[in-house]
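Consider the two complexes below, in which chain A is the common component and chain B and chain C are the respective partners.
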Partner chain A sequence: MGRVIQPFEFVEPSTIDEALGLAAAEGSRLFAGGCELVLSMRRGEVRYRRLVSIMGVGGLGGFRAHPKHGLEFGAQVKIRQLANHIWVGKRWAALHEAIEQLHPPHIMNMGTVVGNLCSAVPYYDLPTSLYAHRAVIRIGDGRSDRELPIDDFYIGPRMTALGRGEMVTSIFVPPPLADAGSAFKKIYKARRRSNDLHKINAAAYVALDADKETIVDATLVIGSVGAKPVRIAKAETVLRGQSAGHAAYEAAAEIAAKAVEPMTDAAWVEEIRSEWIRLLARDVLEQAASRARSRHDPAEDAHLAF
Partner chain B sequence: MARQIGSFKINGRVREAIIEPQMLLVDVIREKIGLTGTKRACASGNCGACTVLVEGLPVCSCLTLAITAQNKDIRTVEGLRAADGELHPLQQAFIDHCASQCGFCTAGMLMSATALLEANPRPTRDDVNRGLSGNVCRCTGYVKIVDAVLDAAQKIVAAREVTA
Partner chain C sequence: MSEHLSYVGKRMPKPDLAGKVTGEAKYTEDLVIPGMLEGRILRSPHAHALIKSIDISKAKALPGVVCVLTHKDCPEQKFSRSTMAEALPEFAFSGERQDQYILSEKARYVGDWIAAVAAEDIYAAERALELIEVEYEVLPAVLDPFSAMAKDAPKVHDDVKANVAFEMDHPFNTGDVDKAFAEADAVAEFSGVNSRQKHLHLETDAAIAYFEADSRLVIVSPSQGPHLAKKHLTRRVFTDLDDGDIRWISPTIGGGFGARLALGVEPVAVLLARASKRPVRVTSTREEDFSGYSSRTDQHQTIRVAATKDGKLLAVEQKIVSDAGAYLSHSATTSIVNMQKTLGLLRCDNIRGHLTVAYTNTPTTSGFRGYGNPEGAFVFQQALDRLAEKIGMDPMEFRLRNLKQVGDPSCFVPSVLEHTKLEECIRLGAERFGWSQKWTGWGEKREGRYRRGVGMSILTHASGAGGFLLEHSSAVMKVLSDGTLNLIVSPCEMGQGILGALAQVGAESSGLRYEQVRVTTGDTDVTMFDIGSHASRSMLVIGNAVAAAGAKVKDQIKALAVAKFELRQVSATAEQIDVREGRVFLTDNPKIGFDVREIAYDAIYNFGAEGGQIVATGSYLSTSHHPNHQAAFAEVEVDTETGQVTVARYVVAHDIGRAINPLLVEAQLEGSAVQGIGFALTEDFVIDPVSGEVLSDSLLTYRLPTTMDVPDMDNLLVEDPLPAGPYGAKGVGEAGLVNPAPSIANAVYDAVGIRIHSLPMSADKVLWALRHGDQAAKGSSRVSGQHL
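On to the complex of A and B.
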């Protein structure tokens, strides 16, 4: 077990251009909170000659959460800032729940949300919850910005769509509809054998019509089943327009369990994991819909928002 | 490679040490600065034994590069005791409730509990469970630790009311 990190150079530039220029070199890597990076470097899984810290760069620390304008945060925003914000808890409940269940909670004080996304670890929770909220990733190369829906952000195991000389500058999460709720749940440490993947997470977003009877929009995401979280598009289309009730969620969960082929190495594990997916999908949909139903008139929030 | 003098504000005192970029905060605190109360156990952010407070919030010092913690307000378990040698109420409560057995997790437990009580002086049992959820203890079974933290919380609040 590698206990020692191989030597590297550590630089702290103050502008995005400078940081991207330094990080573009071979063996360099951008560094924010460093939770994942320090761990994999210590384990000897990766090795970099130079780490470029973005924590001193100006203009990346913005944070804004507004129930009607959406949630927006820069690359330096630590997870703790989102965990403590009332609107994140009220309107982006799936994200809030994923943050609350991070283990250990110390990570909240150390890591950034953008770093969590960019490390592209398949079993991380925050990407799954941000899929449910249909987050938009803003990618900058110092001169221009482009926006990418989170669905297109991951292109393979531990690989993102970021090109050389690009970085995620901020993330925008659109505001949910007026009568909408979301939820996140995970099953983990239910490991039977050491090389089984021992976790599944799921997140859902359900928007109801004004009478809170019919589903007008839904997102269902299952994570930790492959290289990236999977949106169950078929279940989402089936849910749209249906009356909000247990039968609809059961049916959608059935579709999810069939649609996902969980990453596994033994047939019997696959069976268990499919059942987990069904249960989690059903539960997150129920919970999200229950939150959507129990939400009071959004007009009552208006005075708080401004 | 790139050796430099790092300056750390630990327990209110500025301490300097020769560091390299790849050094972890826990190693610098233990080996360079000599405060061995902070323990290095799993070194992968699972157990919480290495918990120190940076700017008042618990972090795993085994996942923090020392170079990034410079000039920040760091508190370790050595800083809990008052200047006259009197134990912090949490430390006293840990003794009174026999809340440590092998003692390896205790430093981390104390730091997490300190951060918890500073944020929430009247925690419920659930709050304490949540606050200590990042710290693993393989001896006590947690009941005595949670008892000790609740007891310390009561004593701290009571002492504050007497002085106020």
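On to the complex of A and C.
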């Protein structure tokens, strides 16, 4: 209903160890750009007595993007930094499109990509796009590191697989295959029920063979339809090995529309929802494939990378 | 008229610009009064509930808490949040329902005010809210006007039968409507409902109340009309106080859009200040603003229209069922104004309107920029298009054939239309838009996934409600020794730029320099009585008062100049002298003259002779509503697979009389068009159909258009001075919000052949209609504003 935020302690440690130690205490929370945290604190959904900024911690600001080696960025990297990078746009188009459509400029400037992921808000867009790119989450506890595919990162609405004393240190996004493309789309709606979300998003990754005729690999993800993004594994399997064309995408889209669980008991909500899932799935596949077809060997422009 | 104008008609910067840009401007929340307490309000979690008991002991015991108040501590008489009725004559006023207490004795919506706390700091006040223990007995709630009026529905107010808050026939119903419909060649009908658009002024509701040493009450709040608010507060809320007991200050206002025409948290601040004997500031959050403050009234309407086959409009009938929410506030008056603007737009001999306003257990709705006109236009302009289609006529042509001409009854029927350039607006807009090429006739089938279509809409809107509301205003001018003009006027600067336009009129009429105009406003102890900034009235009514004062100042300067010229061996009468841009000169030899400061200085510092500063007041009483008009043309692209509507182009032509400052006029048109596009396509106030909670209570889920969503827009000004306007000006503040929804709706129909019956025309609704046909819209859902 809206609250005045009570005074809290704000600490800015310089090492991961220190940060995690401080954040482990009851009523404490890691704090990056604050875009999500301040909003939910003000809405009275969460309360913290201490916020532990990770923005001064050493070693979390790394950012590399290379068409052959992949995309890698630390927990401090702002959404804006990714938006401005040429290789993100060229090789990780789904992520880039999700970022481009995140309109409030101040959120791009303040918010981190890792913060967006860790918020685990079901209607955020960046997770959906990073599912399509099969991102890997790197988790640290100050002593050791572990890696988790993004598919295993969310365990429920606003819940991640992070254990107490752990944090995300960076994200690694593998390089796409030579003849691959990706795409992201979202659509908003007005009519809804309380347990229903106000938009749907979708992302796809499609890799073609050297002749650009056969699909060799695909990812299809639908987001904002439940607690976390949904990967349409059955559609991905069906797509693999098929000839790249409308029929394949239409068929995969049909599977997607059927695979997603309804969110309400209202027919008018569900009809539009499943139709949109179908359309978004088809459009992102189509778009991703078209990007894959128009690509040339990344080795040719690798010299532009740095 | 070969009139020389120094400032009027020029693109001048606004005087309040620097403060806004640098952040120096002081809003209510920026002010610090020594010893001030912070106040917060406890709001009901239930849509409808009896309050069995309230235990404030724990809250009171919290360190830092100074007082905790409930309905038991409030004045016993009821009041309405709307202050507007105070500007109506007594007979009209008696119809207004005074229906609420400051803090409620029963929860009537999720967010209803139950208790108030004042504490040493806002954190203690906030914690105290959580310690107040309220025992509720939850009652069944009514969440839309139709179920509210159904038999045996739960009662929102015990003393109101069938939850009918207000009912009336349009006062100017005329002709034989039934006969006209029976005899007409073609009849068309359209039903629809607008959504509860939120004002979303950036500054959320806030107020400060304190007592001066002589125990006079000072209120500081972003009111759009502090003089009227003061009258309302003393007559209806704190009846032991009178006009002279209150000083009301409106500092910089962070947006109004009509929301500040109703009392906000001011009565709570006063209540807490009285109880604590300390200054108190009450604030609210954005979420509270969404659920507890006002919004546009959702008006369910059916409009029937009839015409001859050659396109003469024979009859219009409008039925409105409005949802007031829990308290009446402006919901009845906005609905009445809807009827006036809708039934009064075109020439028609047979009109009939009927209005019913129902109470529901939802947040109170209120006045919003456009005040009923956007609500009506969305339905009426679509009904007109349907009728044009039936007789196979270009919708623009159909409208042109039925325009009112000078001498016809105006939209507030008892007065006569004295000035209209609506036809010029239509023709100019059509030409710029390319209507004749883009409009390709009714029923043309378009192909492909993305289909384009065009639509248009026209409107009439008031420039103040002269002859209806108390439309007088006064301005005071004093001239300082260096020729600076102190202009004391009453409008509230909410960002609309009125102070700049008035400064231009002040400088023009007095002959002083624009750069040396210093405007003072917002303090009822300083400014003259005025009913506030709304109804697109400030430019016309206050502008005329300023021009009248300026003329007097100029006359005084001229009179004093005679002696000054004599000292220079120049003999001239006052009539042969003119003053412009701070310079006094001879009309037929402008080279001979001097700076006005010589006169201004001597007027004050004239030791020995009779002293006296140059000072003047000017007053104006408006007896007509001097309508401004507008035509708009929209081109949309509909994605037939997703239902997404994109506005590709939007052209507006506005009958402005004269643009005192074209920059500000265009800004008003642009800003209101964007607000109108949000109203048309994205802004949706969603109330949970079971709990009555507002679901769209943040800017993440209530989608306001941003600069990124603005289409290619043209704002054309049709300038033909209104004789009664200051330098010919009419109003422009609200009109721009009216046309977007209907013109976009008509364009959607042109593109894909479906009509959406409720706002916003979001992608999901469009797709639903595309799949099921628009006839499938099954009437309203349990949630007001949403058709299933």
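What we mean here is this: the second predicted complex is superposed on the first by the 292 of 306 C-alpha atoms of A that agree within 3 Å, B and C clash if a C-alpha of one lies under 4 Å from a C-alpha of the other, contacts with A are read in each partner's own complex, and residues count from 1 in each chain.
Note that a residue touches a chain if its C-beta (ideal position, glycine included) is under 8 Å from a C-beta of that chain, and two chains touch if they have at least 3 such contacts.
For clarity, every value in this text was computed on a predicted model and none was experimentally measured.
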Contacts of A:34 with chain B and chain C, given as first, second, both or neither: first
Touched partner set for A:275, first chain B, second chain C, both or neither: second
First, second, both or neither for A:8, with chain B first and chain C second: first
Touched partner set for A:227, first chain B, second chain C, both or neither: neither
First (chain B), second (chain C), both or neither touched by A:53: first
First (chain B), second (chain C), both or neither touched by A:42: both
Partner chain in contact with A:107 - chain B first, chain C second, else both or neither: first
Contacts of A:188 with chain B and chain C, given as first, second, both or neither: second
Contact residues of chain A, present in both the chain B and the chain C interface: 3-4, 6-7, 39, 42-43, 103-104
Chain C-facing residues of chain A, complex: 1-4, 6-7, 39, 42-43, 103-104, 187-194, 198, 268, 271-272, 275-276, 279
Touching residues (chain side chain B, partner chain A) in the complex: 1-2, 20-22, 24, 43-46, 48, 51, 54, 57-60, 63-65, 67-68, 130-131, 133-135
Of chain C, residues touching chain A in the complex: 40, 43, 45, 111, 122-123, 125-127, 283-289, 291, 641-644, 682, 684, 686, 688-691, 693, 695-698, 700-701, 703, 706, 708, 760, 762-765, 767-768, 771, 786, 788
Parts of chain A lying in touch with chain B, wherever the complex brings them together: 3-10, 34-35, 38-39, 41-43, 51, 53, 55, 80, 103-107, 109-110
